[in-house]
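Naming follows writing order (A, B, C, D and E), and every chain is counted from residue 1.
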Amino acid sequence: GDGSATGGETDDEPTENGSETEDIDESDATEDDGEEQVLIFARGGDSESLDPGSTTDGESSRVTRQVLESLLEFDKESFEVKPALAHDWDVSEDGLTYTFYLEEGVTFHDGTDFNAEAVKVNFERWSDPEHEYAFTDDGYVYSMYGTMFGGFKGDEGHVIQEINVVSDHEIEFVLSRPLGFFLQNMAMTYFAITSPAALEEYGAAINENPVGTGPFKFVNWSKDDSLTLEKFEDYRVEGLPKLDRVVFEVIPDNAARLISLRSGEIDIMDGLNPDDAVGVESDDSLVLHTRAENNFGYVGFNVQKEPLDQLEVRQAINHAIDREAIAEALYAGYANPAKNPLPPSYMGYNDEVVEYEYDLDRAKELLAEAGYEDGLEIELWTMPVARPYMPDPETVAEIVQSNLADIGIEVKIVREEWAPYLEKTLQGEQQMFMLGWSGTNGDPDYFLSSLLHGSNVGSSNRTFYENDEVDELLDQAKVAIDQDERAEFYKQAQELIAEDSPMVTLVHSTPVLATTSSVVNYVPHPSTSESLAEVELQN
Amino acid sequence: MQKPILEVNGLKKYFDIKGGVFGRKIGEVKAVDDVSFSVMSGEILGIVGESGCGKSTTGKSILRLIEPSEGEVKFEDQEITKLSDEEMRKLRRNMQIIFQDPYASLNPRHTVEKIISEPLLIHGMKNTKERKERVKELLEVVGLSGYHASRYPHQFSGGQRQRIGIARALANNPKLIICDEPVSALDVSVQSQILNLMEDLRDQFNLTYVFIAHDLSVVKHISDRVGVMYLGRMVELTDKDKLYDDPKHPYTRALLSAVPLPDPDVEKDRMILKGDVPSPSNPPSGCAFHTRCPLAMDVCKEVRPQFEEIEDNHFVACHLYGPAVQ
Amino acid sequence: MKVISPWRDSFRQLRKNRFALFGFGIIVFFILLGLLAPLLTSYSYDATDPVNRLQPPSAENWLGTDDIGRDIFTRIAYGARVSLQVGFFAVTGALIFGTILGIVAGYFGRWIDMIISRIFDILLAFPSILLAIAIVAILGPSLENALIAIAIINIPIFGRLVRSKVISLREEEFVMAAKAQGMKNGRLIFHHILPNSIAPIIVQATLGFGTAILEAAALGFLGLGAQPPTPEWGAMLASSRAFIQLAPWTLIVPGVSIMLVVLGFNLIGDGLRDALDPKMKN
Amino acid sequence: MTEEILKIKDLHTHFFTDNGEIPAVDGVSLSIKKGEVVGIVGESGCGKSVTSLSIMQLIPSPPGKIVSGTIDFKGENLVHASNKRIKQIRGNEISMIFQEPMTSLDPLFTIGNQIREAIRIHQKVSKKEANQKSVEMLKLVGIPRAEEVMNDYPHQLSGGMRQRVMIAIAMACDPEILIADEPTTALDVTIQAQILDLMKKLNEEKETAVLLITHDLGVVAEICDRVVVMYAGQVVEEGTTREILKDPRHPYSQGLIRSLPKLHEKDQKLYSIPGTVPKPKMGMVGCRFRDRCRFVHERCYQENPELFSLENNRLSRCFLSDDAEGKVVKDAEANIGS
Amino acid sequence: MFAYTMRRLLMLIPVLIGMTLITFSIVHLIPGNPAQVILGETATATAIQDLEESMGLNKPYPVQYTIYITDLLQGDLGTSLRSKSPISSEIWPYIAATFELTIFAMLFAVFIGVNAGIISAWKQNSWFDFLAMLFALIGVSMPVFWLALMEQWIFAQQLDWFPSSGRQNNRDPMEPITYFYVLDSLIHLDFARTITNLKHLVLPSIALGTIPMAIIARMTRSSMLEVMKSDYIRTVRAKGSGQFLVIYKHALKNALIPVLTVIGLQTGVLLGGAILTETIFSWPGIGRYVYEAISYRDYPVIQSGILVIAFIFVMINLIVDLLYKYIDPRIKY
């Protein structure tokens, strides 16, 4: 009880709050088992914001995942949905009403109670720009909510029609139409519940003062440097968390991060270079971890631009690119050649699709069919930043360049900065381009619809690929509730897509990371945000 | 009597001093403060005075190398302070200047040939061969040789450089030459060479000089008339013999008595002035010399003495000779 | 007595300066390396060979290979072209515009000077690398644009230098003398002021060559300069950044190359400064 | 006759530059007696300053070096004296003032600081005592408001004042010899008169010997007892001031005096020595003045003239002063002189 | 003195206005939409539009500029588009981090640079002079970021003498007060921590300080040589003073004046130009703050960040000018 006693009500300053509890922790620690357990997690960039709903940034989720909890959560290693703040739930027959039964006796870090009202406040805050905690004037936008639930209050596509507080610990969501992945959504870190009292107290500064129910509570944050969390003594799960303190440190440079890991300055490093994996594996004091594939890197074709509007050209290029070599050489084996725009572990993955063999003769043939036996020139837009699905885009581009040179296609590499890159590819200025996709809620829809549905042209569909049949299949899959049924629709869609070849499906990468050998129970999650509640340090 | 070739009336040049919070003008250096004189054609007018008294500024203002703040300058009856840049440019072939520093006044990157032929070119002598001829001629006039033409200034001694400067000034047959301390940077033995040369040239080409110097002996030697300046003002102006034999202004007297003479036999009753020259940015009221003048009277502190002709051709600005005393 | 022009004199001085000669040697070496690249190596600078990646220096690959198996020696040799060109064009650009602005400001003074000087002040108040980054952000990342950015950030450096030189020369007696001849502004500037301000400009240009190469490397390192597969040394460093532990030579070689070239220009610049400085003469 | 406190014998000071060895001082001998004022005159570049700096052992090295000769100060050869000893002598027994009062004082320290420093280098006195002494010195050299000036910086003083301060610094430790290298050249005549007056006064009161370097014969006439005329690194003539000015023997001295414009004489065409001073270089044979000399004859090209002794301890470096040729001098002068 | 300071401050106004104009124009000339970057490749068109609107990016430029300036005048540096936090509250730790690094880098540079310069000038043409100047030349010829990488590789990784990144031991982070970590540790009277924090400063300071050090050494040497030739040094010698007094009292003070300019300029350069070093050593400084803002098109941060850097730079120059006055009594205002 003392943790909650020192909580928020009296202290305005979060820093003061931190320092006081710190003292208490130290005394606790000495009483218990002597050593304080402090884990340092190093990553390449800092969090944007600690208000999960208003950001889409992975580095933000990684931290908020520890501080705030959603109603549901994903299983440790997959996207299977499990109870969290809600211990149980019901779905109505028509798939329009979801009822969640909330954990009782849970308190926020500030000592206030977690209940159905709090859930409602959070959801309304996200869906209603007019809401008092929406902080629209301060630039808050809840884009992930809009994306996942079809828009905001008053929008035509908005799925959540009403939210009813049935009782203190029972809450009901009424949808306007069925949504196949509603439960998946509820497990996303973006939809984690913040203490309404804290919203009231901090207002727009909530992004620097997260207050949730998670295993760790927020202490302080020096931007672009370090962010400290400490054990929440009253965490709802007995015996957790194990660590006393977690520090997220920013070390922008991959190589520098590895140096720090080796010297023991940090415990976990995200974003290991695949090339360094061998070295890590052979080092007894380090442990190599991989995240399950949850992404997809591709070379896209702008199918509305010459000459890529010709199927033969697209297929020729597909045949000319040596995926195997790329995966092997550039990801040091930590990637698999892709044949579908969906990671293999996903529901609905179609393993029957026949991949485009690396076959230069066939490629040349196709090119000749298209009327380009004398070769042609094509621009390849190269991403300027490393992403999980493509840790070294430049090099990939160079290999593609030399691959295509073999069939007489001269590739001109175009480089734009990230901002204009995204914008211009959205407007279709590119011919070929490189990009990828990472999953968040573990649902195939998030990959296939976003990337290839005709309605997403001008948005996330940058290949400008429109196929009514595919669109139809994807739409059906989205509203179906039966998961097998959905899987079937997706399989068919993949078949069609492969034939049309709107992109060279390059790889699914397995991002590698490393920890020191004293880190125990650390399991990387495919979504990149994993709970550190069970992690321990052992000497 | 001859017509004056140059008339200077009430010439003033104030330099602004900037400062303060806004970098505004917070004062001015009265480098030249109401100076008037005239120069006859063919005469040499000497101007002496201590460092900083405004001699060079006067000289440069006459040629409008510095724009005068006030007053008029008439060259051959033409008022030149109002001329346009282009008119002034054309007029410059008639008015030339020779500088003190023979090192700084020649462009180190040009050959002597180019230095001397440039004024010819800009005033219309387009023919290269003609120019070459003229350069050779000029070099010989100033006591150098034609083969010197291809050399650079740094290959000459101080005296020779001064000769080059003179040749350049002579190039377009000017009528008036302002000589701003042409010999003060030179050694005694070379100084006399240059002084002689200048005298010869005057006779040969019927030149008029305004000869600025701080060495009284030199000025006396070369000039017909001499003006004495103190703190931006002309204090005395007359024929050289009158000035040296019968100086009127106390400052002139002090100046003359301060000159050390290379003759152990001359007995002098020294008149050593006290203190330093005041700053031209804050000149004393009334007569600027009153702070150091052994004969200062009350009136000197308040009233600025007029520059008046107290005897025939003898101008003095001093209350000793003004109506107040007489 | 032989006629010795001031330029010849300076040149003789320079020839006696052993450091300058050494610097000159370095530059000539890299120029030859760049020019003769196709003869010196049988590889092509963009031929990838993933199988032979990150090979240490050997008889086949004198300086080893990079992360996609390209021969580093070949890339260094072709990269010499890039770096020297960047230096040359950036400096020339900055020099031309800087000199023009500097002369205009210094010679005509008044409000023109006021405006130009303030612009210089403002540009110089920005950290130059940030300014360069911003300019490249506007123009888009490419070698040409990096070059433009470098030229722009160097304009005020030349501009100020020329301006101050012009202002001091304007007061020199030989300029006064030239004006007293009745010379027109144009002639005064081009025959008297410019030739006499050229010495510090040359020195600055030589040193600027070095800085421009460093700046280009920094932009290249940030991915804002030369684009792959152009073998720009800074970009080479950036792409090898991750391999410092696996293959240190991929970082050491381009770094040392940059350092040597810049050192060469600095040595020449120092030598020129000594040779052209009028204070050292007589 | 009083003793000679400084005797320079056959001093050679050379500069070793990129353009070869320059014998700036090439066999100079001279001496100063206690309380005497000796002038060195000569045109620019003839080695006056280098001679004086050699005495102080202040020749910039490299490139300069005293190659040979002795500088005998009260029986001690300064050329071979230890560094420590030289430091003791400088500013204490021999001190020096320079031509440029504008640049000879450190602009960043107060006048007081700089005088005090001079005193405390040589005397173990407290700061307060040194201060007192400094004020005294400033008063001695005729600076009004001495206490205030102690706190002024050099730039706040006029050229004349600064030169007075320099003199105060030089005189602070009561030196036996004061070397003044063109102390008034940069000053206006009215100020020059003040400074010369002051130096004369100090010489008389303190019996300090003065070695005055100048190119102005007027200044020499004003205060010197004896004059040494230098030309191209050598002494060409020596004698009392009156003798040299009234009856110069060396053709160079003669020409020099005759080429001066005279203030109190009627105009006549100035005499001028043709040509320019030769640059000093190694291995010159013959008389250095021969190319400008109107009495030049064959011997001037073949031998180096020595300093011939004349009557009254006078010296002249000219073959015409050689007894054998003595007559020729008179004749020649009679012929051309008028 | 006061008038001069005021005047210099007033003179800043047009420069600052010019700067706001330039930064504003630069920022809006940079192609790319912040909303797009913030939301990334997975963004939908509507999400982008919503965000744009909430960020006020669809107002006309003159309106945006006016808003920017009015806010500035009220001391409001704007709100970061990305973090949604007010820049004025967010920026201080970055400034402090950079300042701390800059101060140590300059201390290192000045201490070594000035002394090396003095000794080189003193023992001109000795082997020390030769080596020192050779090193200085190499120092100015090296790409800083490369030096930083090499240092990190050798001293942090191979030898493990110093930590490779960060400002402090993050296992045990400290409650920041001033955000100058060394100072904070002293305030906390936690001297063990001071040592750790200083250790973190070593490598980045050396990397960053090397170029200024080389420049300062070269400048000090040539300035000393120049001063040693001057008349007043000859006067001091003529007084009979020893070499030490000549060099450390008179020559150094005079030689310092041009060196001071270099120190001021270099400090300014370090302030904003340390982007690469800051990235390599994970130093959360202002250069990196702005650089990342550029890639995120976070307009308010770019504008205000650059403005703040430029302002500090100008202030440093002002301080240098005032220092001149302190050293050199000749300077009149």
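Here, a residue touches a chain if its C-beta (ideal position, glycine included) is under 8 Å from a C-beta of that chain, and two chains touch if they have at least 3 such contacts.
All of these numbers come straight from a predicted model, not from anything done at the bench.
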{"item": "Shared interface partners, meaning chains that touch chain B and chain E", "value": "C, D"}
{"item": "Chain whose average C-alpha position is farthest from chain B's own", "value": "A"}
{"item": "Chain whose averaged C-alpha position falls nearest the assembly-wide average", "value": "E"}
{"item": "Centre-of-Cα separation between chain D and chain C, whole angstrom", "value": "52"}
{"item": "Centre-to-centre distance between chain C and chain A (centres being mean Cα positions), rounded to whole Å", "value": "45"}
{"item": "Rounded Å distance between chain A and chain D, as computed from the means of their C-alpha atoms", "value": "90"}
{"item": "Chain C and chain E: spacing of chain centres that average the CA atoms, whole Å", "value": "24"}
{"item": "Residue numbers of chain C (touch at least two other chains)", "value": "137, 140, 241, 244-245"}
{"item": "Two or more partner chains touched - positions in chain A", "value": "253, 417, 420"}
{"item": "Sites on chain E at which at least two other chains make contact", "value": "30-31, 157"}
{"item": "Interface residues, chain E side, partner chain D - complex", "value": "229-242, 245, 250, 253-254, 327-330"}
{"item": "Contact footprint of chain B on chain D as seen in their complex", "value": "43-44, 158, 160-161, 188-194, 196-197, 215-222, 241-242, 245-246, 255-257, 259-264, 267, 269-274, 276-277, 292"}
{"item": "Residues on chain A engaged by chain C in the complex (per definition of touch)", "value": "253-255, 258, 273, 275-276, 279, 325, 329-330, 382, 384, 394-395, 397-399, 401-402, 413, 415-417, 420"}
{"item": "In the complex with chain A, residue positions of chain E that touch it", "value": "30-34, 36-47, 50-51, 54-55, 79, 81-85, 90, 93-94, 97, 152, 156-157, 160, 163-167, 169-173, 175-176, 179, 279-282, 284, 288-289, 292, 295-297"}
{"item": "Residues of chain C that touch chain A when the two form their complex", "value": "46-48, 50-51, 53-54, 67-68, 137, 140-142, 223, 227-229, 239, 241-246"}
